[in-house]
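Chain lettering (A, B, C and D) follows the sequence in which the chains are written, and residue indices restart at 1 in each chain.
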């Protein structure tokens, strides 16, 4: 069984706030970068899918839990797993860690929307399949 | 019973993304601005509390649900209510609407942390009291 | 002669960085908000102009000079003046102050671009006129 | 003579705006990431220098010129050169390109400030030396 997808990034100065920690909203940018690279690792980068199918993937639900602070210049390991694949939407789960210690967990549910009608449409078949295959990685 | 606290703001160009919507992470900035102003309305602006008590209020859990898109230049009405006040943490609930129609809902749990030890400490008494009083507004 | 356009806003937590100051990139968001409201004060909000004329206004040059720090919860007064109005582009100048003391100065040159061709086009006549009239304010 | 420092990154969804381009403020985050990595390449990462010397490096002047649009998922090559090293401040110059074509140029002047007094102090000797050595790279 293949391992979960991993993406490494770094906390930048502009990610921090006056408390000395990374501002919590930075975690959502980290999740987005990891998501981008996860889709690319499936051979289906969002940019290509969105263009080919005239769809976009707005988020309908996002959440994050913060268990330890991130600070400037910290290296963050993002792990991405597929939690659910529905007809028009899917949910990704994120584990963020630093030196092997958990710092945050998050979850994003994106829905596939037609650019023309702004209404939910079926996930492109290729994408749904790839996500379902990737889900097996967590079994 | 007093009404819930309200704060009005506007979607800026830098809040939008290529899909034409406000990027979902903008909602967390909107919630933060509304939270700032809500605390100020209680007579206890964060900036003053943090300085006086040498504490900060990192988030331990945040979530948001998006029910309708926001677009550039939209006026957003943020409504803030106190959902829970604990010993060291509290939870605020946010209702975002546009022209009276719901666009998003969110929830933020902040914990009071000592700047010196970086560990949770009791909420400043005055703040806990003010939040509990404000909670009555939802009854 | 009418006074320069003014817009007041506040430094939010997410605008700050680990140094305790507002991160310099926040100033560009402040300038953008002030620019939005300045255009609205001319009766020509960007959102309406862009839609009506199928144009957008990407920046070709921006700069800022920082003379004093901004901190969390500071109130910032942005003053906007029109510096130059050309055929396809215009330049706005920004003065940011806190309690009457200068904190930053900035300048933004935006070019009017056709959404269809992605190439510069003449500024909409009404906008060029309004900007030239506003320029008189600095005389 | 060694080549200029290079750093590669990617335009994320949250970097874009409704026009379909990367919002201009994203370029300043790109420059900051490149600056971080450039300092690290000199063996003097900001995080370490700031901690060791109780200093920070606020920007006193920044500017950028945009010559071609960046779009979602574009790969951006940032090139960093040292333009000037003074007593208390230094200036970095940035060249951003995509597939070998220029997209933007920028310049950042940072001043070394004592955390305690919030006033300019001499650049740490090691940093000034390393920057001067790196400056030779442009000759």
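Convention: contacts are C-beta pairs under 8 Å (C-beta built on N, C-alpha and C of every residue); 3 or more make two chains touch, one makes a residue touch a chain.
Given the structure is predicted, the values throughout are model-derived calculations rather than measurements.
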* By the contact definition above, name the pair with the higher C-beta contact count: B-D or A-B. => A-B
* To do: With chain centres defined as mean CA positions, report which chain is farthest from subunit A.
  => C
* **Interface composition of copies subunit A and subunit C: same or different, split at half** => same
* Inter-chain centre distance, subunit B versus subunit C - centres from mean C-alpha coordinates, in Å -> 28
* In whole angstrom, what separates the CA-based centres of subunit B and subunit D? -> 34
* **Separation of mean Cα positions, subunit B and subunit A [Å, integer]** => 24
* To do: Please list all residues of subunit C that touch 2 or more other chains.
  => 13-14, 25, 28-29, 32, 72
* **Residues of subunit C that touch subunit D when the two form their complex** => 19, 21, 24-25, 28-29, 32, 56, 58-67, 69, 115, 118
* Asked: Touching subunit C in the complex: which residues of subunit B?
  -> 10, 12-14, 28-29, 32-33, 36, 45-47, 72-73
* **Residues of subunit C that touch subunit A when the two form their complex** => 13-14, 16-18, 20, 23, 25, 71-72
